[in-house]
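Order as written gives the chain letters A, B and C; numbering starts at 1 within each chain.
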Amino acid sequence: MMRSLVLLFLLSAIVACRPVKTIEQIQIKGSDSEVAVVMALAESFMHHEHRISVSVKGGGSGSGIAALLNGKTDIANSSRDMSDKEHEMAKARSIRPVPVVFAEDVLVFILHPSLKIKALTLDQIAGIYRGEIQNWKEVGGPDRMISLYGRQSNSGTYVYLREKVLKAEYSPKVKGMNGTAQIVEAVKQDVGGIGYVSLGYVQHNNKPTAGISVVSLGLGEGVSPLDRAAVTGGLYPLKRPLYHFLNGPARGALASFLRFERSEKGQAIIRESGYIPVEGPLAIAPGADVVPKAQPVHGK
Amino acid sequence: MGNKDLTPANLFENQKRHFFNRLFKFLVKTAAFLSVVVLVGIFALLAWNGLQMFREVSVFQFFFTSTWNPSALNAPSFGIGSMLAGTMLVTVAAMFIAFPVGIALAAYLSEVASPRMRGVVRPIIELLAGIPSVVVGFIGIVVIGPFLAKTFALSNGFTALNGAILLAIMALPSIVTVAEDALRAVPRAYREASYALGSNKWTTLVRVTLPAAGSGIVAAGVLGVGRAVGETMTVLMATGNALEVPDSLFDAVRTMTATMAIEMGEVPFGTTHYFSLFAIGATLFIISLLFNLTAEYLAAKFRHQA
Amino acid sequence: MTRSKRIEYFGFGVLRLITLAVVLLIFWLIADLFVKGGHTLNWAFWTTFPQKGMTTGGIFPTVVGTAFVTLITALFAVPVGVASAIYLSEYARDHFLSRLIRASIRNLAGVPSIIYGLFGVALFVEGLHFGTSVLSAGLTLGLLSLPYIITATEEALKTVPKSYREGALALGATQWETIVSVVLPPALPGISTGVMLGLSRAAGETAPILFTGVAYYLRYLPGTVWDSFMALPYHLYVLATQHHAIEEVRPLAYGTALTLLGMITLLNFMAIQIRYRYQAQSPA
């Protein structure tokens, strides 16, 4: 029995130690809002490029940037810009963060359908997430306690929302979920639930997810994020760039991947995943800065 | 062993054998000492990194305030009050469930069950012990959470109660094992004396055997607490991770372990936030150390009594 | 029936009921896993890579990753653990050092797993510059398993009768020769049981590997100990909480949970089988 066990372990070790030589590795880590679309891009990219291996990890924008600052990743996915403190730290560690905007994201709020609320103003949402408004009846819903769902402090979306909408700290009652998908799942089951997610998580191939209702923003009917024209026309207030942060300008495999993201195929994947592709030439001359002139695509 | 004649060849052979003997004695002694090194190392690391946080954060703020917001816009706050409350709530609630059930199970296995039933139930308890914490957390999300939400008409299952039930499941096997050993270690004579005086088996169990196993039983409970306090994945997945001081079991809570697991991935090395996670770790380490030492002391006392 | 007997029946009945309730609960929880995820378990599940953003396909790299990291854990923890136990059982007298060692071991057993993770990051990933790798994670898990393996080995060594040792020594063997030829062999089954139980626990741990080497998705299997790896428990955690299509992959999560449980149960079962056979031939 012992011998067969030893054999089993050795066998798995041998299998594991099979020489798998890849020529180049790209490490990508960070934003949970971006992870799905970047993984889809990476998979498609690797289909053709057999000598490049891309590994994509989530963990939140904060952990991506931290990894970049610790020298542990090639690309930091981030749905927010780097803070002054982070820029200082980068300088202190001789890291030169180069931002690349590869897509745009629409931030939406989702509610349980039974609340029958179609639209909310940004002020109301700020009040809800600051903890000032605690019952749905205060904003036109049924008499029910508001159940808050959000992300944790490592999330770029968390930071973005705090800066752009709340302008203050979150209520301590917000349940910090480990990922965006968990927020969607939780709100589906919580009759008093509200959460914030990327549009990509509630819309695939232009079809919205069942079981949750997506809130329109603004007075009266508000602007629905599902209305692509309104979003690209700038009527929906919460549209934000999605970043890749690199250490220094992109070369070799990295440049190749970024080029793929800009290609027709890459843009199609971005669109399918519920995000907005950005256009514009990506100048990737060796040694050049890789900062595109981002022009959002108009119409579909 | 070998030729005992005093030839040079034999002398050399013996020297070789004794050399290896001393060598291996040295090696095993070093290996054993490694455990001490590791324990001291862990504590030293936690203390060294944790103390560095106190350059920026006051002791009072850390231990006695309840707002934990290291990445705040303006004034980062490092108070672990809400986490301590969360950890304590979940742990105490878990023990309320696990301790009585565990003792009951131990009593069943030790006093009531036939050898055949023991052979059936004990492996099942051991099976429970083998379930990894991430699977228990998963069960909390997909089975117990929704069940609680439905039963108590809550809007969701991410509550301290969910965490408490799951921790009870995880702590149960340890409690049962130690308590059962304690009960079995009570000499037969105690029970027989009680029967001789006319008591039935139940009264004997409650009035004689259990008290005689006293400190062993308490040791089981304390050990269970130690286990519950240190659990990470289970609470991370099932308690909602809300940084508020809980008002009831139906609130979402965040434990110290969950905070470390969540935030460790996002901190650049050498920042105050980084050090603060080690400070939490040090606090947790000391708490579980205290529980384990207490359990040990009680168990030792019990062994002396029995 | 006398009142006394009735009390006894009632009291014991309550105990039986509680036991039954617990056993049924355990069965219900595991049955639920099977009902919701049993259908995903097939050979293909275990031998293919995840595909399409991990929404289909299998969990092959996680099985390999877990096996690989457990192997490293074993390579570290078994020699060190058995050696420590040999010291405690055969060499140490009851002086301050041995009591200190024993106290350390007992306290290490109670240290929360996330703290081992923090320690692993600081020592292996950063301090020794091993980076996030199978090596760092394996060593961290090794430290975690050490107390358990030492204790189990010591128990096994204790059951070897003193007369064995005395006989060998009387024949002129050195202490080390005695240990190797006469003490270890009969203790081997007990040691194996302890080692396998300890390793199966390590295989199921998530917190220690979170920051020391495990990855969300890798295209290739880890080629050397310096690579990152995927692992079963972390995969379950990701599928259950962070995956972007949580509901779609829920069945896969169940399948992963069952695979992990199955692997651990198998290891434990083998360990206990060894223990039974050992007890059957136990030296008088």
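Quick note on the criterion: a contact is a pair of C-beta atoms (placed from the backbone, for glycine too) under 8 Å apart; a residue touches a chain by one contact, two chains touch by 3 or more.
The shown structure was predicted, so the numbers you read here are calculated from the model rather than taken from an experiment.
Looking at chain B and chain C, the chains in contact with each of them are A. Here the largest set of C-beta contact pairs joins the chains B-C. Between chain B and chain C, the centres computed from C-alpha atoms are 16 Å apart.
Centre-to-centre, using mean CA coordinates, chain A is 37 Å away from chain B. Counting partner chains per residue, chain B has residues 237, 265, 269 touching two or more of them.
Within chain A, contacts with two or more other chains are made by residues 59, 177-178. Chain C has residues 241 in contact with two or more other chains. The residues of chain C lying in touch with chain A in their complex are 51-54, 64-65, 67-68, 70-71, 74, 131-132, 188, 192, 196, 215-224, 228, 238, 241-247, 270, 273-274.
For chain A in complex with chain B, the touching residues are 59-60, 62-63, 65-66, 69-70, 86, 89, 144-145, 147, 152-154, 159, 162-163, 168-169, 171-178, 186, 189-193. Residues 4-5, 7-8, 10-12, 14-16, 18-19, 22-23, 26, 29, 32-33, 36, 79-81, 83-88, 90-92, 97, 100-101, 104-119, 121-123, 126, 143, 146-147, 150, 171-177, 200-201, 204-207, 210-211, 233-234, 236-237, 240-241, 250, 253-254, 257, 260-261, 264-265, 268, 272 of chain C are the ones that touch chain B when the two sit in their complex.
Listed in rising order, the residues of chain A touching chain C in the complex are 1-2, 5, 9, 12-13, 15-22, 32, 35-36, 39-40, 43, 46, 53-59, 72, 177-182, 184-185, 200-201.
Every residue of chain B that touches chain A in the complex is listed here, in rising order: 67, 69-73, 82, 146, 149, 155-156, 158, 236-237, 240-245, 251-252, 254, 262-263, 265-269, 271.
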